[in-house]
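Here it is: the structure, laid out below.
Chain IDs A, B, C and D follow the sequence of writing; residue 1 opens each chain.
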Amino acid sequence: MFKKILVANRGEIALRVMRTCREMGIQSIAIYSDADRTAPHVLFADEAYSVGASPSSESYLRYERIIEIAKNAGAEAIHPGYGFLSENTVFAAGVEAAGITFIGPPASAIETMGDKTMARQTMLKSKLPVVPGTEHPIEDVNKALAVAKKIGFPVLIKAAGGGGGKGMRIVESETAFGDAVKTAQRESQSAFGDNRVYIEKYLEEPHHIEFQVLADTQGNIIHLNERECSIQRRYQKVIEEAPSPFLDPELREKMGQTAVDVARSCNYLGAGTVEFLMDKHKNYYFLEMNTRLQVEHPITEIVTGIDLVAEQIKIASGQALTLKQENIGITGHAIECRIYAEDALNDFQPSTGTIGLLQIPDGPGTRFDGAIRQGMEITPYYDPLLGKLICWADTREAALNRSERALREFYISGIATTIQFCRSVIRHPTFRKGTYDTHFYAQHGDELKHYQLVKPENVMEVAGGSFYHHKEQQKNKLTSGDDTVDQRSNWFRSQQEKTHR
Amino acid sequence: MFKKILVANRGEIALRVMRTCREMGIQSIAIYSDADRTAPHVLFADEAYSVGASPSSESYLRYERIIEIAKNAGAEAIHPGYGFLSENTVFAAGVEAAGITFIGPPASAIETMGDKTMARQTMLKSKLPVVPGTEHPIEDVNKALAVAKKIGFPVLIKAAGGGGGKGMRIVESETAFGDAVKTAQRESQSAFGDNRVYIEKYLEEPHHIEFQVLADTQGNIIHLNERECSIQRRYQKVIEEAPSPFLDPELREKMGQTAVDVARSCNYLGAGTVEFLMDKHKNYYFLEMNTRLQVEHPITEIVTGIDLVAEQIKIASGQALTLKQENIGITGHAIECRIYAEDALNDFQPSTGTIGLLQIPDGPGTRFDGAIRQGMEITPYYDPLLGKLICWADTREAALNRSERALREFYISGIATTIQFCRSVIRHPTFRKGTYDTHFYAQHGDELKHYQLVKPENVMEVAGGSFYHHKEQQKNKLTSGDDTVDQRSNWFRSQQEKTHR
Amino acid sequence: MKYEIGINGNSLQLDIQRQDNLVVIHSELGKSVLDVVPLQENVYSVIMNNHSFVVAVESDMSQRVVVNGTPFDISLLDAIHLHLRDLGWESASETRTGQVVTQIPGLITQIFHQVGDEVDQDEPLLLMEAMKMENEIKAPMSGVIQRVHVKQGQTVEKGTMIVEIG
Amino acid sequence: MKYEIGINGNSLQLDIQRQDNLVVIHSELGKSVLDVVPLQENVYSVIMNNHSFVVAVESDMSQRVVVNGTPFDISLLDAIHLHLRDLGWESASETRTGQVVTQIPGLITQIFHQVGDEVDQDEPLLLMEAMKMENEIKAPMSGVIQRVHVKQGQTVEKGTMIVEIG
């Protein structure tokens, strides 16, 4: 087993990976940009190396520098997390060339699957169903437009070099096509260092359902069942659940087998995710394979009881899977809510600032994979994901109730977040019934926005009185220069009163 | 089902109960003393009522006032938590008399079992094995001394009116007996409003193993397997685990059946815990039954997947148990570490102060049931329990590794805690082997204290350099009156540098 | 003292007074007593008529009050301002302004208009990249672009004036 | 500047200098560069030679430094104090004091001695109840009780002088 692993990432996923490293007795090495000097992953790690300036192009994407740090620090393996360099074949190859183990599939599998168009070709060869679309990245916008017209609008423009909704655009009509391609290319370049995009038919009433797979060096491949990821906004997942309310055991087994076949078709190694689109008749199409850990991996961990990062590390070190397909079960139900630093009431604009009061939910069946701290600054440089709230219970209904309880007790002041937005979704009748598809947000977005969780007419006095008190305190501070009066606790007050009795 | 429940408690257990209330769609009512005006349970509750001054005798123990609040607020039930009034028969009877449901057993069962001496008599009648000792509370110290001499020193003096190590004293010899009785009586009075104490033989090399039971109004009684609670200090549990490393399936089944018999012998209702002492030959003795939720209930919740508070509430509302004994399993292994505001390096002296930096562990298999917040004041009025860290994994070894990881990432500044003490225990070879008994702390206490987790010789420079930096900053503040220089983030610095480039 | 509070189109006359540590409010809904205790800078625990709230007053968004996590943009006008309003004077904060100010720091990636262009309300003015996403900045009102203060490729701080529409 | 640090019987000569935002230490162990950044009042993130530490300096316990959660009582003597020590002057903080001060607030439940009693080091002086537990307060040194400042039943604040032994 490895003694030292460098985690080539930041934020919640870096912390997530390091937690498992420590549990396995492996030293973890953090890299950090200027903006992240005191970030939680840096405080957690056994060793920490500065990797450059705040913009990711000057730090977390500098793969040569990262490989050099790993070599100098004596790291035997590199875990790339998700995003950044996780699906970059040049990086994966460079790591291996430096004699360091890349925790992920071989560069060839990343190339086949990471490149969405090559993946489609591979699937077509294996006679697996794929969504209609271009088979090569867009080079000529006019040729691409011809294809788009042939498959019919609306179409999706997607980044060939990575996932997570970055570089993705839905195009409703011919006129918007050219600009949308350019925007998607720019975003894709900035997010993955790769500007290639491709086109795909935009299925109507689709469900986004993905299967987790694990493949070892001995050729064993298993799947860990599905995750339902149809709640998206801005082409990005925001709430996921496992198991999917749409699948029955037969379909689950069939799709799981397809997922294993997909993994086998590219000689896959490690943890990966096979994404399917499913229409309302329960026909499913291969969408893409993500050759890395997914943001939403914890819901699978919770219903299966398996630590996916530990499995990744064991596989990378050459160990054979000890898990058997027939022993993989589903216990209860798990729901993940992604907490972004975004203003849901203001078109999901990213929000920066300093975290004031922070109250993270906890207790029965409640897990938060995050990397935040009271007093911490949220900077504009990186993905706005603050963390993920994952709630488990024995039934879907209980898991929904638990998620709502946890979101209600989740408190972050100083920045805008998606906490209340997630709560609106969880409370929405269509979501509760489990009859939603990927159009949920398009259909109910406005409703969710105006779906006030606290009714204005019920808080006139509490809002007015608090605001009055606040302004009065501020005035007192300015005039007296004394800001401590209001800070004294009740306990202090009662002690004082006692003394004067 | 109830619409409103008053929680007659504070701290982590009040919050724990309210979380389940909210998940069940039940409004929760908090009561608070002066010292607890901004405590987490008050912020969480739907309604909150002041119950008096800070000392518990003037607030959380004022049962008439609490019943009055419950009546006025329209509460249909009262959950007593643990400690305070949870095993007070006058309170339980008063609640029922007011037409409110007491979430717990009937006063008669509390009386039989809550009174440790009556419980012993009941067990003797049912021919269940009990530890030798007095059958009535001590009235005459000289008569009690005669009994103590008969059963032989060392003996334990224990509170008849409650558990949790309060009012408990071990007496090694005749000379110390009188003073120990008086101290135990005083503590017992202060903790439970009841100064009765009794004597019990102090078994050598004993294990403290307890079984969780649930009994409904229809006469169904099941057990949820055991908790191993042998790691104690100051006669108080500090680390518990489930399952016990000492039991095998046969013994577990036999003891579980005894626990159910014990519950049946007193017409038990609700959640209760049957405590056994077990000697090294695996003989077990009934010790006492706690007629309330235990501090350590979460480890049972995690390995069985059952929410014990939800079961308590359902039973109290008259619902029949839907759980069947044959379906109660044990999945994986759970370990609880109690985090107290105590200075483990200084004889576990309680520690008060303001919580500075707070970093609560989280992530896979990690639950913290607490009631603390950064910037919160820890007052001297109540039990020093800040919360409980509960870690689950598929094997005992993995759960130990996870506990150690979580304790290592747990950070509280401003007060002394038992975090590092727990970590010393978890790392101790005897604990890891699982061959410990209740003498673990007596035998290894000094070792644990000096078992430095960070070696002094490795931190000479980091401690010296940080201290130097700190003093320099303080000096700068005093001379310049400017305390902001040091507070600027790296991000701010880098922005500034960019501007000046 | 007399106030009028407005939230999302609802309004209510309040008589607010301080009594020791408490804020006492009289309105047509009756009497409410608020015990307001600070938890952190700008964040308060409020117990009003035995109901518990956590209330944050966002310091750099004027008038935004967050009650149990739900944000509200409120107005609290005292007697003088109420009188001015009755005389037909609108408070400045209620008129739409043509000054476009960044809410977050970021990188200007594209500018769609130049000085003199006519724009409609909600028409995209420019693209700004922040947190790895492109964000459209839209016109807050219809009008003619008076000034453009930024150029493509420029990094801007939060609160930067970028465009003025007149 | 030259210092000597002592922790639990270990001691080390340090030459500590400030270079911009860094603290640079030379010792027989070599050169160490500390990047010290505050996280909260009295709590710092320290990266020293690429190793990450969280260090708290407890303000009201003089000289207590908590490194990654483990507390150490340290002494850091500068050149002047080192010289004084070499001349035979002990610093005041190193002599045991007979003044007993409460570490926590609580209720005095019993007092075992009165003025004039002789007590041995570590002998119980009184019982104090705090957080529902009785705590023995022990004599920090052997000697004769000079003054008792509290009486049974009295509530005391943290930092109260309760007994003096001479």
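Just so it is clear, a residue touches a chain if its C-beta (ideal position, glycine included) is under 8 Å from a C-beta of that chain, and two chains touch if they have at least 3 such contacts.
Everything numeric in this text was worked out from a predicted model, so none of it was measured.
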Note to self: When I count C-beta pairs in contact, which pair ends up with more: A-C or B-C?
What the structure shows: A-C
Next item on the list: Would you mind pulling out the distance in Å between where the CA atoms of chain A average out and where those of chain C do?
Entry: 31
Checklist line | Between chain C and chain D, centroid-to-centroid distance (C-alpha), Å | finding: 50
Check: Distance from the CA centroid of chain A to that of chain B, rounded to the nearest Å?
Finding: 36
Checklist line | Multi-chain contact sites of chain D, meaning residues that touch two or more partners | finding: 37, 39-40, 51, 54
Next item on the list: Return the residues of chain A touching two or more other chains; collapse runs of consecutive numbers into ranges.
Entry: 37-38, 43-44, 357, 373, 375, 408, 489-490, 493
Notebook entry, point to check: Looking only at which chains touch which, which shape fits best: line, ring, star, complete or other?
Noted result: other
Margin query: If I apply the definition of touch given earlier, which pairs of chains qualify?
Written below: A-B, A-C, A-D, B-C, B-D
Next item on the list: Using the touch rule from the top, collect the residues of chain D that touch chain A in their complex.
Entry: 35, 37, 39-40, 45, 47, 50-52, 54, 155, 157
Next item on the list: Sort out for me which residues of chain C touch chain A in the complex.
Entry: 3, 5, 7-8, 10, 12, 14, 16, 18, 21, 23, 25, 27, 29, 32, 34, 36-44, 46, 48, 51, 53-58, 63, 65-72, 74, 76, 103-106, 109, 127, 129-135, 158
Notebook entry, point to check: Can you list the chain B residues touching chain D in their complex?
Noted result: 56, 166, 183, 186-187, 190-191, 234, 341, 345-347, 349-353, 356-357, 374, 380-384, 408, 410-411, 413, 416, 419-420, 423, 452-454, 456-457, 459-470, 472-473, 486-487, 490, 493
Note to self: If we count contacts the way the header does, which residues on chain B are in touch with chain A in the complex?
What the structure shows: 15-16, 19-20, 22-25, 34-35, 37-38, 40, 43-44, 53-54, 298, 301, 305, 307, 331-332, 357-360, 362-370, 373-375, 377, 379, 393-394, 398, 401-402, 404-405, 408-409, 489-491, 493-494
Checklist line | List of chain B residues in touch with chain C within their complex | finding: 30, 37-38, 42-49, 73, 373, 375, 495
